[in-house]
Structure formats: C-alpha cells, structure tokens
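Following are the structures in question.
Each of the next two complexes has subunit A plus one other chain: subunit B in the first, subunit C in the second.
On to the complex of A and B.
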C-alpha cells in the first residue's frame, strides 16, 4: 500500500469520529438546551436560595433533596479541548457542557423538592466530580415550604 | 414577604455552539504546523546526537547472530564481495575503526542495505541484475558511504526523538485519542528529506570510489540504469514521499560532476 494511502487511512477514522462528534454533539446540545429551558419554566414555582435561613420559610423537616446528572463529552469536544490544553485559553467547549450539567442538576433538585410538596430549597450547594471522560454535577439543598 | 427567582440569563457562562468549528480548524491547523516544524527540528537534532555514540557501541547493538537467518550464498562470492568492500573502504578513506561485515544472501530479493554497526547485506537477486563488477562496486560503495557517514544511527536517533515528541504530545492531552500510527508516520515524513540528503551524499561517495578504483564511472551509471529499470516497474508517485531521489536526477547529477570521458569505460564481468 502506498505511503499516501496509508496516511489517509490512518487519519480517516479519527477525522470521521470528529465529524460524527461535531454533528451529533451539536444536535444533542441544542435539544438539551431546549429541554432545559422548558423544564426551568415548568419548575419556576420552586424557588432556590443560597441562604441557610430564609425569613418566612417554615422550619425544615431535616431532610435533603438532591439533583444529580452525569454528562459525557463528545469526540469533537474532547479533541478541541485537547488542542486548547496545548495552546492554552478558554475551553468554551467545556463551558457549555458544564452549564448544561449545572442547570440540569438544578432542575432535578427542584423536581425532587416539588415531589415532596416543597416550594423552596434553601442552602443550595453544587459539587462536581470527574468520572472517566464524563462529569457528574450534584446540586443539593434543604426543601422548605413558604409561610404565606 | 414574596420571593422570586430570576430566569437563567443565557450567554454569560456559556455560549452554545458559537464558532466551535472555526476554533477547531484554527487550532488543528496551528497544531499540525507547530508539531510538523518541531518534528523536523527533532529529526535533525537526533541526527546530530546519534553519531556522538562511538562506532564500537553501535556495532555492539547488532551481533553477527542477528544475520544467521539469512540464506547465505556461496563463500567464494562472499569473499569476493568482502575483498571489494575492503578496497572500496580504502578508496573512501573510511576510518580504521569502522569494520564492515558483509553478509551475502542467495535469496532472489532485489535489494542491498547497510545497517547498524557496519553490517551490510547484499542479496543475489540484485547482484544478478547488475551484471558487472563495476556496478557491484558502485552499489557496495553507496552502502559503505552510509556506514562511513553514520547515516543509519543518524536516521534512527532522528526518528526516535521525533516519535518521542509525538508520544509526549499524546500524553499531554486528549489528542492521544487520535491514531498514534498516523503520528509516527508524520515523523517519518519529517525524516524523509534528511534521508534523501543522505542518499545524495552516499551517491557522491560511490561515484568517487568507482572513479578511484576503475578510472571511469561506467559501473556507477550501469548501477543506476538497472535501478531505474527496477523502480520504473513499481513507481510510487510523489517525489516528496520517496526515501530515495529520482534515478534520472541521480544520473544527471553524477554526469554534471565528471567529464564526458569519465562517463564510460570497459566493465569487468560479474560473476
């Protein structure tokens, strides 16, 4: 096999994976954002607070709600981030990934609170863990009911 | 007291899908250019470092036993080739510590090469096609010149350093996900221009040796005409992807270096 043909074949597979990652990753991201916006609007009645003690909030029952999400990067984002790690700079490809994960975790947290009949979650915190090539974002807080 | 949460403001923490394709193309191209240049630099640096290793150390890398599997041809021909090599070594002013060991295989393979530690392998398949002692001398002189100028170790250390560079880049980030064999091929590509320079140097030395030993360069041109015939049958296209310069260029360059009278003469028969 000629050198040129071998060269093309060696790069054809990773390049097609990058292309698949680019197209599928972009479609998945657009769909996810659309779902996030819809769910945020749907759960707007559950309020979130970073404060531990919110005036007018009923004393918490002592339990906790959490929303957890594990989100994977696509091949395109992985390579783009790899290139950024060589040259430095803002890794925008990961910013959207983490933004989606944080917002999705918050939605799940609110859903959990809503299911308990709570309409507010106080003392919200986030934590992030890397699992292989994916990340997990957990949002947790204390569900309360507002005293009208 | 009434509370409310503001809806999430888009575009502050993340800008979805904006200019990612362009960013990728720009970074990818910069990476290939930078890595290509570095690769070239490493190949050349490796070539400078390689010959610092004493020849005796290089010879110790490859024991005679490594050639035991060759289908050794008759001893008389091997002796004749070895004697020719010794004469050529003198004509090339080889340093006395550079002993050349000749291995002669009766296989039909059309090839001859010099490798680490002054070991030279000549296949009968190529000898049969050459037809004259002068052409065999030109062939051996070319390979001996590779030994004299430490081309084998230069090429090996150059490629090794360039491959280390690609591995280091791979370890550094997710770029490792790309096919590594593709990258080692890139470093091979960087070493090709150096390989061609080495071939030209070996050609010039071979021409000098043939002229010294026979008084004319008939054997040199006979060798390249034969090589041209062989190459013509499996030509591989692009010049920049070849390890050896084009045969016609090699003949033309030799012709330019000598007078018309020196270009031909009576050839000694082989075998």
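On to the complex of A and C.
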C-alpha cells in the first residue's frame, strides 16, 4: 500500500501534470494562434511603424497607446525547455510563446489606437520582462491619423 | 489631461520650452488568490489575465504619477516617454514611466 502511495507521489502526479500540460497547452496554443490570425486580419487597417518621426501625411490622434499581455508556459513545454538546456540550441517552445505574446500585445495596441480613431501607430517599442514564472510583453507607441 | 507621446515631438506643435525629465513609478505586489490561479496556468499554459490586469493597472498608475509631476511643472505635454518594468523581489514588480516635460506652441504657417 505504501509502495503504491509512493509510486503515485513520485511518478503518477508529475506524469499526469505533464500529460495535462501537453494536451491543454496544445489546445491553448492552437486556439490562441487562431484568435491572433483573426484579430490581425480584423485590425489590418491600422498601420504600424517603428519610425520615430510621425509621417508628414499624419496628424496626432490622442495619447500614447499601450498593449500588454502576461503569458505562461505549459508544464510539458517547460520540462522540454529544461531538457533543452542540457544540450543547448534554440528552445522552440519559448520562441512560439514569445511570438504569441508579442503579436497579442501588438493586437491590443492596435485596438487601443483604433478606439481613439487612429489608423497608424508610430515609434512602436517592445519591452519584455519575466514576472515570476510568466512573461510580460508590452508594446507602446504614438497613434496618429492619415490626413485625407 | 496632459498629452503624452513616445515620439520627440507632438505632431502639429513645436516645443517652446523644456521643463526637464519627469517620472512616475509604482511597485506592485500580486496577491495570493492570483498566485494560485497563476500556478494553475503554468500547468495548462496561456494568458494570465489576472496578471495582465494587475500590470495594466499599475502601469496606468505610474503614467498618471508622471503626468501629475509634469502638470505641477506647468507642462503641456510629456514627450519621448519610455516604459520599464523590473522584478524587484520575489512577487513584486516595479513599473516606471519617464519622459521629458515640455511646453508646446502650435506650429506657425499654413
């Protein structure tokens, strides 16, 4: 009986967490990518620039806008990333996580600009920070509107 | 409400006077309830909405503090605003917003 208990504690719980992480993480990622693609298409009319100067054809349209997202890795990929650190190389699991976070932050930035009636955002900056086990990505920029 | 931009100039205006750098910051801790949810999210993956809201809230507060500092100097706008976030201790983050307070005048010409 105590053997069974020990087995459950030592193996079954971590393994089931990995399995849950694998399944839920996969579903979450696929859904998120689907949502990202849909939102990107919906907000395609808001142009984004990394130039510092506001284009000549544009007028100001309100205050600095922000888009932020805090995202967490699933247990399976976190373990996978841990293994990767033994051999070195690219950690794909985190590359896609950051890609999702950055695109989501950009979508929120565009949505904020759109809500102010702007159709461009210039001087976009990104900042990425680790918060506990999660990662935060912020995008910010200055909205402006094309002069007809 | 003060204008804030992260570009050097405010479109349609020129800088009449520089009033120096202004900043605003907040140090925010997360609470236990959110921590438990975050722990769960770290198994299944995905967005931690509680944290997103928390950070947005704290960042808004930092920006407002920066704006009130600029307003106290009699500024019209804060230009070249930058944001920075850093983890100070376990479970607390500092959010900093800083920029240059300026007085504006409308661009002459057409």
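Please note the rule applied: the second predicted complex is superposed on the first by the 133 of 148 C-alpha atoms of A that agree within 3 Å, B and C clash if a C-alpha of one lies under 4 Å from a C-alpha of the other, contacts with A are read in each partner's own complex, and residues count from 1 in each chain.
In this text, contacts are C-beta pairs under 8 Å (C-beta built on N, C-alpha and C of every residue); 3 or more make two chains touch, one makes a residue touch a chain.
Remember, predicted model here, so these are calculated numbers, not experimental data.
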{"item": "Simultaneous placement of subunit C and subunit B on subunit A, clash or fit", "value": "fit"}
{"item": "Partner chain(s) touched by A:140 [first = subunit B, second = subunit C, both, neither]", "value": "second"}
{"item": "Touched partner set for A:10, first subunit B, second subunit C, both or neither", "value": "first"}
{"item": "Which of subunit B and subunit C A:132 touches, first, second, both or neither", "value": "second"}
{"item": "Touched partner set for A:20, first subunit B, second subunit C, both or neither", "value": "second"}
{"item": "First (subunit B), second (subunit C), both or neither touched by A:66", "value": "second"}
{"item": "Partner chain in contact with A:40 - subunit B first, subunit C second, else both or neither", "value": "first"}
{"item": "Subunit B and subunit C, minimum CA distance [Å, superposed model]", "value": "11"}
{"item": "Doubly contacted subunit A residues - partners subunit C and subunit B", "value": "29, 54, 75, 78"}
{"item": "Complex interface listing, subunit C residues touching subunit A", "value": "1, 3-12, 30, 38, 41-49, 51-52, 55-56, 59, 81-87, 90-91, 93"}
{"item": "Complex contact set, residues of subunit A against subunit C", "value": "17, 20-21, 24-25, 28-29, 32, 52-54, 58-60, 63-64, 66, 68-75, 77-78, 104, 122-123, 125, 127, 129-134, 136, 138, 140-142, 144"}
{"item": "Interfacial residue positions of subunit A with respect to subunit B in the complex", "value": "2-4, 6-7, 10-11, 13-14, 18, 22, 26, 29-30, 33, 40-41, 44, 47-49, 54-56, 75-76, 78-87, 92-93, 95-96, 98-100, 103, 120, 146"}
{"item": "Subunit B to subunit A touching residues, read off their complex", "value": "1, 3-5, 7-8, 13-18, 20-21, 23-24, 27-28, 30-31, 169, 172-179, 181-182, 185, 189, 236-238, 241"}
